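Written below as structure tokens is the structure these notes are about.
All chains are identified by letter, namely A, B, C, D, E and F, in their written order; residue positions are counted from 1 within each chain.
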Amino acid sequence: MTTPFFQPVSGIDLPRFAGVPTFMRLPHLTPNDPAYTDVQMGLVGIPWDSGTTNRPGARHGPRMLRDLSTMIRAGNPVTGINPFTIVNCADLGDISPNPVDIMDCMERITTFYTDLKNRGITPMTAGGDHLSTLPVLRALASDSPVGLIQFDSHTDLFDSYFGGNKFTHGTPFRRAIEEGLVDPKRMVQIGIRGTAYNSEDVEWGEAQGVRIIRIEEYFDRGIKDVMSEARKIVGSRPTYCTFDIDFVDPAYAPGTGTPEIGGPTSFQAQQTIRELSGINLIGADLVEVSPPFDPSGTTAWLGASLMFELMCVLSQAIKAE
Amino acid sequence: MTTPFFQPVSGIDLPRFAGVPTFMRLPHLTPNDPAYTDVQMGLVGIPWDSGTTNRPGARHGPRMLRDLSTMIRAGNPVTGINPFTIVNCADLGDISPNPVDIMDCMERITTFYTDLKNRGITPMTAGGDHLSTLPVLRALASDSPVGLIQFDSHTDLFDSYFGGNKFTHGTPFRRAIEEGLVDPKRMVQIGIRGTAYNSEDVEWGEAQGVRIIRIEEYFDRGIKDVMSEARKIVGSRPTYCTFDIDFVDPAYAPGTGTPEIGGPTSFQAQQTIRELSGINLIGADLVEVSPPFDPSGTTAWLGASLMFELMCVLSQAIKAE
Amino acid sequence: MTTPFFQPVSGIDLPRFAGVPTFMRLPHLTPNDPAYTDVQMGLVGIPWDSGTTNRPGARHGPRMLRDLSTMIRAGNPVTGINPFTIVNCADLGDISPNPVDIMDCMERITTFYTDLKNRGITPMTAGGDHLSTLPVLRALASDSPVGLIQFDSHTDLFDSYFGGNKFTHGTPFRRAIEEGLVDPKRMVQIGIRGTAYNSEDVEWGEAQGVRIIRIEEYFDRGIKDVMSEARKIVGSRPTYCTFDIDFVDPAYAPGTGTPEIGGPTSFQAQQTIRELSGINLIGADLVEVSPPFDPSGTTAWLGASLMFELMCVLSQAIKAE
Amino acid sequence: MTTPFFQPVSGIDLPRFAGVPTFMRLPHLTPNDPAYTDVQMGLVGIPWDSGTTNRPGARHGPRMLRDLSTMIRAGNPVTGINPFTIVNCADLGDISPNPVDIMDCMERITTFYTDLKNRGITPMTAGGDHLSTLPVLRALASDSPVGLIQFDSHTDLFDSYFGGNKFTHGTPFRRAIEEGLVDPKRMVQIGIRGTAYNSEDVEWGEAQGVRIIRIEEYFDRGIKDVMSEARKIVGSRPTYCTFDIDFVDPAYAPGTGTPEIGGPTSFQAQQTIRELSGINLIGADLVEVSPPFDPSGTTAWLGASLMFELMCVLSQAIKAE
Amino acid sequence: MTTPFFQPVSGIDLPRFAGVPTFMRLPHLTPNDPAYTDVQMGLVGIPWDSGTTNRPGARHGPRMLRDLSTMIRAGNPVTGINPFTIVNCADLGDISPNPVDIMDCMERITTFYTDLKNRGITPMTAGGDHLSTLPVLRALASDSPVGLIQFDSHTDLFDSYFGGNKFTHGTPFRRAIEEGLVDPKRMVQIGIRGTAYNSEDVEWGEAQGVRIIRIEEYFDRGIKDVMSEARKIVGSRPTYCTFDIDFVDPAYAPGTGTPEIGGPTSFQAQQTIRELSGINLIGADLVEVSPPFDPSGTTAWLGASLMFELMCVLSQAIKAE
Amino acid sequence: MTTPFFQPVSGIDLPRFAGVPTFMRLPHLTPNDPAYTDVQMGLVGIPWDSGTTNRPGARHGPRMLRDLSTMIRAGNPVTGINPFTIVNCADLGDISPNPVDIMDCMERITTFYTDLKNRGITPMTAGGDHLSTLPVLRALASDSPVGLIQFDSHTDLFDSYFGGNKFTHGTPFRRAIEEGLVDPKRMVQIGIRGTAYNSEDVEWGEAQGVRIIRIEEYFDRGIKDVMSEARKIVGSRPTYCTFDIDFVDPAYAPGTGTPEIGGPTSFQAQQTIRELSGINLIGADLVEVSPPFDPSGTTAWLGASLMFELMCVLSQAIKAE
């Protein structure tokens, strides 16, 4: 059982619009704080979108997610999980980004997450564009490749952009496989859709063994069936979950850089995440929330709500270790 | 058959953007108007949000609902009901709110609705936050407890906020039951979801006999089955219907103070209200539309459309008396 | 196989936010350009909303659709169709509208499309309000009546507005039938819903033989069944497809003048259009996208995505000629 | 002294967000109301923008001006004028517009204002686009030409648009002079600016004797000097004042169809209108407020505030008759 | 000289969009933090708008001001003042508001500020509506009345609203004078404007000795002259400064509940605050920033920039003690 | 005299909302077009914001500037200049940016502008963030240093960001001086303001001989006096003008990444640019318009209007060569 120190501030005591906004109204800790060593799940922001090939803005994601996350309460009435009572959760602040140097910024991120890994803190990340996941994986999978469950409307498996640039938000998982961070045979992508110039990404991925489940298959088979397959693919070994908000239909998530129509509802997104229960999760992220395209905050609210669902399954996995 | 006086102005004669906006383009009547005594269904605004615990704005709801309601026409092609030909409908204006004194404002509301009750006018209310329903029930249920069908993502059954405050938009139905305004055994809540600090509200409600149907059950069983049970619960005696716009998913209803993801679509909301047909309805309200969070007016348009659906079943009930 | 000249600019070469925005990043051609004679499918804007009876703005539709269409890529991974490799596609610019003279503007439109017809160019139009379709049909159906598949929440079959005005966006298909441009027995309307003052439109249409499929029937029977009937109705002879963006639910398409709640999702809209495969299509349009009500561009993005789906089936039809 | 009936509702009694919104919270009267005959100043909306050559939306102006005008109180602390105690003011509703027939709509407007003139009611109009002023002048100047003071960034003196269209919002004052409604020698335009294709408008106007004061001259000479000249130009005979909201800089009035940078502040606009004191005003209008370009309502609030300033000088003129 | 601990984080080291947002990127301290006792100037949020008589939203002001204040740097190049090097500044968080009980919330505020006073911390407050200033003054002026400089477009000197309510954002300074918190002979109001039902507020204030400088006088005499008089009025004894953002013209500050046109520019506001130099300031506040009416954040950015100007003069005053 | 080919399309012929949007409705030419060789002034977009240290979005500037520029007409009634009749102007499209590689993108820009220089085309650029100016200067000043007039609220003279990054939008003019592209003794910065961590930028600039005119001096001395000095500083030799939209006050230009309050009005900006008349201008740019912060397009409209003013003085300079 966790201590009161690690509980979110209740909206019945302090109204939700009051107070400096931290993720889920958790304590904000920096490494020199004594309580830092007690943290089990660290909520971290990666305010960075330098890998974005089209509409930027995801660098503002962590701040807006913090703001809207103050409307989250503590327990999940459907699954019965209250992550805050299971593990010590805290807002560990943002990594220090470098918006004008991609390679430097990736190193900064990897350094931050390597420290978390060394401390035994499981990260729950708020992006940031999808390139953010690559330097996180460099830290978490430094020893051996991990499994990966990716919710997304794009594969992000392209080789390069703009005449050879290898590091963009359209390429992280190609790099991750090439670098041996992810085991492609333990990798599944769910929700893929949208127009395409070619199938280079899909063909390359499938050749490596990645299982790509398009949105049509997701709708046809249903959530339980698809997720059962996903659980089998990743198996019992360590697995990372990356959730691109553009997985959800743009009616629910307009605030993102590269939306694709024809996606799931918010309810389906919730149901899907709950099916991650039982997986040996070593971390998760929610990326691509872009406040400039989200003037009413609906996408950030969806993002915060899905971060909470991810925290529920993540807290179970931490406890199960 | 109603007279031409009580018919909405047609958009084929006068464009919808023209004219002083009243609810559904109905005549606006004040008590000193002779036609006031002929009114059977009174559309009333409660521009009040002083019970709001988080994001205010619902006080502006009635005005924006009036504006968007000018796009409503007269008949329901699905059910075949035209409420304006069944009963005399009119816009009775807004109650005179007091934004800085909750107790005084509740008295003002109760006084207004007691007068309506005495005149035999059935109220169709546009809120306002959900605390608005309590003083309405104090008027309508002054003789004996009524049944209640509540569409909502929250139970609003909490005991108090901020160290003992009993009157907020999170507490009205606890008060209504305690005050004997609602018979908890004839009360059903549909669509409940969202994170929770505890289950105090649910446990207390269920202990009183309230039937709480979470959104998962609503989706699993389907609308017809759930609403059939709801009709059985309230039976044939007088029943009030309160519809919080946050029942609908935030993709459809972003303009509200406390949205919860994972809700029904607008089509499902329409289907659900149509299943109220046959219930002995004595009034209805649609609350929590908050224009500051609804810059494009989509929520107010949804709200006006659902008010029309409520008017259809309400007009049937009035006629059946 | 088409030439590189007629291929959209790739976002992997030139970022999507760069360049003068043309439809789908296609070449922009004017009649005096030599390549104009090679065009098989012409994308044309009709920036005109003078027939609008309520909220104007659709005149700005083509520009915003061009802007958002720069996010479309080239191929449809579900159907396998890449329209740009099947037929030569080009942006032919906008017709020259007259916002202050309806009759003159309709003549301008008909003249433009008659020239396209004479050149053998199949038009894919971006409106504009729904009155735009009438002068297009006057050009395309000048020889003999065509079949019509209309996706819409309104029948647009009224006789007149405001005391006798015959040409508004609520009347085009009554005129089209009266003028012998559309064969009402080969005409189907899908998605009809919303409140109504009377059923004059529906009764007149059904008396002519128009098949009107309300949204309830669409949801009950399912897309495949309904579209199978639609294909039978229009048969193998020339058919035009008109798609009013208000067919889709306002949560997905808020940016339109006369939204009606209770509509399909974006995924359902995609599935529906794909069922047009095999029809002898001679042209298509997507109308009623209204940027002033679409501040975040979500509706224009949906519209551009559905234009792409229409282009896929249209390119098949052109190839099949 | 006016009666309580004609006083605006006080925000100290009824909060400003409550009640059906009428102009300035005045009583809303229709011709069949007995009090109609007592009205001295009639506030009228012209929800019409069919003469707009670029961005439409001014048809929604009257409704939004009514909404924001509920924040106006009763007296002008600077000039000491309370128009509501000087003359009986009322909201006479909107003219019944025809958005799809310019000539018909102009006739409707002229008929409405002829009735007002016959009743001796001085009109204070809320547009609508600037073409609205022409049919108003046809009514008010039916006997003899009037003087005109026009605040605007454009002359609206062009001959025609789009190949010969004589009636647009860029041509009303050419028509008014040609039709003998305005005496060009008693006409002054103030605030003119913006780029121009040619000086056809200016040359024609000056040839007729119109005094055109560009914004540079307005700033150089100062408000008092310029307005002193304006008063001399119109002299003591009947004069109409038309105020296009685009007179004010777009930073203050973004919500209009054709803004021009480099204009006055709101304070300067107030000071300018106050200098109309003493002129024999027979009516005034405020036009071109376009809500779709005014999402936060700041332009409508400016417009309502300037309508109040116009009412102050207009009430003085009525009293002086 | 202050320590590095109390310096704002530099945007040259950590980008401004990164990190948990505190006022001016200062350390966030709670009373149980050892560094709390070293604070000389405490930045405090009062997220509360329950006294608002019209459009609510100021309760969200502190959070948005924190967000935008991250773009403030450290020094004032015009006056040469860097408040962060003069006194220890820190973000002390928000008071714990009660949105549903005005009297309770005022007590909470007074308690918080009494503690600050006892600790010798000078408060720089971010509101909140203008009623917030009353409970602050109850703490700061508990010993003897203070002088007051109020920048505002309204006097806030009314007696009551809605039939006798004494505590609203239109009444705080009447109460403050009545309660002996402010010496009316050492009180000056600057910028007053807007329409008025009566002059009850002005007459009462002037009868007490309050100096009311309307906006016309402010513009006529110029900033230096007016502020010289203001300094004389308050003299050398302790003085509080309250700055209502609606002092500035709505073109610069649209995000507020009760804007009044005809106000100063942002540059004039800066110049005005700088003239407070030399006054014996014991605290200051900036109130009535309302995020729901400020979708682009321009008002919050103005507010944060003016808070910085207030901090400059406040830090001088603290140092001069 | 220019030919009709190089004239903007008139809004009296084709409504401004129609047509593919090019800068000022000029012909869009690519290098392989024969008319390219006749161009004298080339309007070029640099859709790039990778040097942005805070809020991105300026990469979308060129597209929105093109859109709003369709409201510009042809002549400047104040100065009498019609740039389109003086020199052949054309829209040369956008440079091909690389959003993920700063060094590569700068090379692409320099290559594009070197080609323009070789062809004798004078560039009028629409940014993009302020780093864009550096690679432009590398092309234009490849032979010898140029003079520079910079309108801006920031000096952009810092040495580096984020631990040594030399190329950001805060550093371009330090680099330009270091690289010998700009003669610091012929360089003047006007409008500088905003808070500052230190005066490193100012001190370094002044040590090189740069004349820095803060906003206070600009307001105190007046536009004519300041600009007379500026003309003297740059003398008769080739000079470049760079205009950062944040020079103008945020009330007029909210749509930019780093606004600073206390700036000039739009009228003052116009007057200022007109004082560039007579300078030997070899190019100009307008940068930092950021559409995500400009939802109503007011900033882009201001930017397009100021681009027109720059074109007026630039066309004079080209003609004077």
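Please note the rule applied: a contact is a pair of C-beta atoms (placed from the backbone, for glycine too) under 8 Å apart; a residue touches a chain by one contact, two chains touch by 3 or more.
Note that the coordinates shown come from a computational prediction; the quantities given were computed from them, not determined experimentally.
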item	value
Both-way neighbours, i.e. chains that touch chain D and touch chain B	C, E
Partner chains shared by chain A and chain D (touch criterion as defined above)	B, C, E, F
Required steps from chain C to chain F (each step between touching chains, minimum)	1
Comparison of A-F and E-F by number of C-beta pairs in contact, larger one	E-F
Centre distance in Å when chain C and chain E are each reduced to the mean of their C-alpha atoms	56
Distance from chain B to chain A - Cα centre to Cα centre, in angstrom	38
Residues of chain C engaged with two or more neighbouring chains	13, 15, 17, 53, 55, 59-60, 98-99, 161-163, 249, 251, 265, 293, 295
Those chain pairs that satisfy the touch definition	A-B, A-C, A-E, A-F, B-C, B-D, B-E, C-D, C-F, D-E, D-F, E-F
Interface residues, chain E side, partner chain F - complex	10-13, 15-17, 71-78, 249, 251-252, 265-267, 269-270, 295-298, 301-302, 305-306, 308
List of chain C residues in touch with chain B within their complex	53-55, 158, 161-163, 193-199, 202, 214-216, 219, 249-251, 254-255, 258-263, 265, 293-295
Parts of chain B lying in touch with chain D, wherever the complex brings them together	13-15, 17-22, 28, 45, 47, 59-60, 62-63, 66-67, 91, 93-99, 295
Residue numbers on chain B that touch chain E, as the complex places them	49-53, 55-57, 59-60, 98-102, 104, 161-163, 165, 167-168, 292-293, 295
